[in-house]
Amino acid sequence: MINAKIIGACGYGGVGMTELLLRHPEARIAALVDIENIGSPLADLYPHLAGFTDLCIVDAESAAAEPADVVFMATPDGVGMRLAPAELERGAKVIDYSGDFRFNTPEAYADYASRIGRDTRHAAPDLLPHSTYGLPELHRASLTPATAVVGNPGCFAVSCLLGLAPAVRDGLVETEGLVCDCKTGVSGAGKKPGPAFHYPARYDQMNAYKLGGHQHVCEIERELGLLAGAELRVTFTAQVVPVCRGILSTLYGRLARPASPGEVLALYRAFYENEPFVRVFPDDAAVGTAHVRGSNTCALVISVDTRTRTLRVVSCIDNLVKGQAGSALQNMNLLFGLPETAGLDQPGAYP
Amino acid sequence: MINAKIIGACGYGGVGMTELLLRHPEARIAALVDIENIGSPLADLYPHLAGFTDLCIVDAESAAAEPADVVFMATPDGVGMRLAPAELERGAKVIDYSGDFRFNTPEAYADYASRIGRDTRHAAPDLLPHSTYGLPELHRASLTPATAVVGNPGCFAVSCLLGLAPAVRDGLVETEGLVCDCKTGVSGAGKKPGPAFHYPARYDQMNAYKLGGHQHVCEIERELGLLAGAELRVTFTAQVVPVCRGILSTLYGRLARPASPGEVLALYRAFYENEPFVRVFPDDAAVGTAHVRGSNTCALVISVDTRTRTLRVVSCIDNLVKGQAGSALQNMNLLFGLPETAGLDQPGAYP
Amino acid sequence: MINAKIIGACGYGGVGMTELLLRHPEARIAALVDIENIGSPLADLYPHLAGFTDLCIVDAESAAAEPADVVFMATPDGVGMRLAPAELERGAKVIDYSGDFRFNTPEAYADYASRIGRDTRHAAPDLLPHSTYGLPELHRASLTPATAVVGNPGCFAVSCLLGLAPAVRDGLVETEGLVCDCKTGVSGAGKKPGPAFHYPARYDQMNAYKLGGHQHVCEIERELGLLAGAELRVTFTAQVVPVCRGILSTLYGRLARPASPGEVLALYRAFYENEPFVRVFPDDAAVGTAHVRGSNTCALVISVDTRTRTLRVVSCIDNLVKGQAGSALQNMNLLFGLPETAGLDQPGAYP
Amino acid sequence: MINAKIIGACGYGGVGMTELLLRHPEARIAALVDIENIGSPLADLYPHLAGFTDLCIVDAESAAAEPADVVFMATPDGVGMRLAPAELERGAKVIDYSGDFRFNTPEAYADYASRIGRDTRHAAPDLLPHSTYGLPELHRASLTPATAVVGNPGCFAVSCLLGLAPAVRDGLVETEGLVCDCKTGVSGAGKKPGPAFHYPARYDQMNAYKLGGHQHVCEIERELGLLAGAELRVTFTAQVVPVCRGILSTLYGRLARPASPGEVLALYRAFYENEPFVRVFPDDAAVGTAHVRGSNTCALVISVDTRTRTLRVVSCIDNLVKGQAGSALQNMNLLFGLPETAGLDQPGAYP
């Protein structure tokens, strides 16, 4: 049995991990850690867990004594890098939800940090070369029992990278002019109330935000650049729509060579042939975010606008599963040599 | 391994059962039966199942050959009673979603049928005395491996009965003047489109319907009458609110004797002490339908209005789980001597 | 032209009044007053007003100089009673949204205040005997140019009182055992963010709240008592459903005498025959909150459960219009001798 | 008083026009025409109109006798072109909601018709040269009392054209590589129920549709081509999100020359300086569809991604107002020499 500690247990990311671990056949929750609600049962904060877990929130210090095989850092930027060294020393693997370990070099991290207005110095720079970007579909070879630190990818990044990777790696699309038009449900903003997420203000409301630059762009460009073998830039738009869960990213790239819809579909199907969580659909499939809600699935609808020679991929994920806790669990499975789908082999509830 | 056949596989009730069986440790789906979409993979109709099941829809005749230990009739009134005898003869147990087997006598059935405008003659009257009303919290003793036919309860009935049973059995409330004010999500109406369930017509819309009489009243009155030891009538209001899943029933009864909120809470807690799926909360708990969505849980918030000497219970279920497929699976577990929570021991995803 | 001042202009109640005054043929906004956002155009806070008004928020002191014929106090309990005397002295009429002027005597106010945990002493007790409860359908005779102070009714109270008044005044229902089961959209909670109104926490969520007692019960009982000629008590349940606007109140009362559905419908139609904003429907009408959204209409669906001898009325309003700003404007019209429907003679937009 | 006839009165487009005409100071509804519900009050079908209009649906023949100054054809493709000649002969002006009169030549119409799979022969080709594309912001000079036939623009087209026109006319963006990523509320699909618009199937669901080609692309390309002085093509994606009303179109174009965000904002502000219904916002404005709901406003958020040299405009309208009935009324005002904002000078209700 793998003992898992969740730090940041009271946020949506922590709760999502709790839900998944409760049904995992080979893992158990060793400790739920947070900086508030210490001593409260998590089920008091999240009554849907009543009857499923009696675990109470503990503070980081108390939890330090608890032996853990893996620590999920469901925490914002800057926390994981401070806590990871001690956890690693205690023998745990670390899977971090934030940007702290998504970049392999201090320079790449500094670039990211400066874009989002944070201190560009990483608190644990020695760990960076040993961390892996936790998108198994692109980095499975580096997600093994030998891996100790994983930077879990950003939710938008998951949807964009899975949608564009086959085309970019193949050279099917030009690396200039890529557009990622992304729509997210409100849960992506976390559990903290604010005017922009107040129910009446959000009801019937769609809008773009952070038009000046979103923190996930950096990792999208880095990963696509690796696939393309060249630096590239994307135009990225984050938009919020009034649903709870779900990201639908519509991705555009100019075809670098003529390609029929059938050829492109075949290319995508081949790329994801053995992937347990990616489904590829033709352009007449009525597939959307409701079909991935609650599961670790990414659904891709592949279309080619032959009139404008444009590839268009619609990529759907549940931002809290494949976009967060699900990916983290998938990474845990790989780091412990378990079947990749353990605890994740379920569809969501529909409708 | 229990082989399960689902008849009416393409409706929401059939899909809900498919989702649950896919994660059940001791059961497998032997056949998905419907009268349309024959030959299509269920996942073509419900893309959220893509990658989780390859099963195709078959017609009833082809499926007859398939040996099944249990048949779920996820079908409307009148179908189960016609198909059940043959299934029983083949050795299967039958769990029927409709009103066909919720009543033990031809007379009780006729009363129900006349209220909803159907032929009052039952097609398989001999089976009625052997059928059990499938609410384990009230009839567990009759839900055993010796049971062959179960009438799965109506969704509104589940929420009302679990909410009122302790008070009625105890004599805490008068049997006259009971009020069930019920609000349901739209999925309760099934998957067939119609003007009343058209997205724009339903958006921002709350309304009452069937004020002249709802089909679930009959079983509520029958079951409560059994508990009270006397015939009784309830005033029942069905209302639809613009969510997908969830029933919130607010239940009112005049106190037959003075009782403090604490005493009443204790009464409910005692009644449900060993129930795996019922959670009892005090009146200041902020618990609602979102906390039972996707799980087989019934959450009860117990309140006493001492000013008006009124018991008020707020009962929350997921209409498609505890109100339908989840109850059916719970019944299956009992009929096969399995742990009652098998396949049902998970919270839903929140938020 | 009537000059209107809105105090509390930045809340939903103030904005609703602004929207209505912008289309009123005989009134104009003289000042928008609030305690924050001083100097900002209201349209910066509420971009839907851009191009429709350039008015900026001012503080109360600056606004004092501004001559006003009417002051709308779109403020919480305790504010109006402190500001009203000075406004009246300057010659303005006062229409207050809170509970400050809903009760005619210091004793009645004290009863209300104690129930909601406020100081029981009224800050302007001399005004109470001159204030009118602003529900024109019940108090039109006292809402005239001679009236200076109006206590605008609570949103739940409007829906319950309009739904029960005909039956209670007529003696059709017993005064004991009245039940008000009320469901409101989230906008009723105002514009201040909080965990209970956070979009993801509210999505798909229905729940009851304040089961221990809601502040609107007091005025419902007082007004119904006046109609009945006897004190009475109601069992009141507030529930919130995930829509933005709308209250649907289902109201139950035991019939005091046998009455057919047709007779009861006729009674209601007669009672509201000349009312411009109340519509009476029979029990098979598919009418709900979407049909009153954005208008000052109250829609009543009248039903009798003859099996249980229970009257059941479904009452629908837009909580921000007939439940708040619309009623306030209706009151203003009456206080200035204008046609009661001025500025209110429009349906909302559907769907 | 202008007498207006609405053909197709029972659809959302007809109802939207009814709502607007009821508050128009210079127009009245002369007849509500449809092919079903003949004899029924419109308020029976749309109870929100109860008390606001008593008008009943009539058939086309009866309505022919009714003198009308303007006929709104709220009808699908192919109807207006058959009915228009007779209406024009009777002296009415015709404003058609469909694609029938959006193109000035039989050839342009044939191109459109072939794209959407209709008969390429127009039923009234002689009228085409006299018809005007009813987007006043681009064609005001041709929308005068001398104009008899207007092709009201498609809802997506309105949002895309208003968003791109300033940049395309100015040559700010390259004419190749334009991308229109459009999200619409469900009301855009009309009032006819279907599986894709069934409430439970649509809840929490976002998806793209008609990836093979949408009927509005044709008019977008034609109009932008006129502005650019050259043929051009756009990549257009229609997506549906679970709200009732609203279109949010995110529009991308590569800058043809370096331009700062401030310059581009100034360009847009100058272009729309005197437009009563277009509001231009900078890229940090939190403006979305909720802010245009219920009004004839188009809100544009202007952004430049300097890293990728891409112009990005977020364009918001209410699909049923500026995207349909509101534009039609705006056109009527121009055709009758009325103030352009008559009947349209109101904000919607927020929230």
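Residue numbering begins at 1 within each chain, and the chains themselves are lettered A, B, C and D in the order written.
What we mean here is this: a contact is a pair of C-beta atoms (placed from the backbone, for glycine too) under 8 Å apart; a residue touches a chain by one contact, two chains touch by 3 or more.
As the structure is a prediction and not an experimental result, all values here were calculated from the model.
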Pair in B-D, B-C or A-D that repeats A-C, with over half of contact pairs matching by residue number: B-D
Select the chain at the greatest separation from subunit B, using centres from the mean of Cα atoms. D
Can you give the whole-Å distance between the Cα centres of subunit A and subunit D? 39
Centroid distance [mean C-alpha coordinates] between subunit D and subunit B, Å: 46
Measuring centre to centre with CA averages, how many angstrom lie between subunit A and subunit B? 37
Two or more other chains in contact with one residue: find those residues in subunit C. 12, 185, 187, 191, 200-201, 203-204, 242-245, 286-287, 290-291, 293, 351
Subunit B residues touching subunit A in their complex are 12, 15-16, 19, 22-23, 46-52, 187, 191, 244-245, 276-277, 279, 281, 285-287, 290-295, 297, 299, 320-321, 345-351
Residue set of subunit D touching subunit B in the complex reads 12, 185-187, 189, 191-195, 197-204, 242-244
Within their complex, subunit B touches subunit C through residues 177, 179, 181, 183, 185, 196, 200-201, 203-209, 211-212, 233-235, 237, 239, 241-246, 248, 250, 252, 254, 283-284, 286-291, 293, 301, 303, 305, 307-308, 310, 312, 314, 316, 351
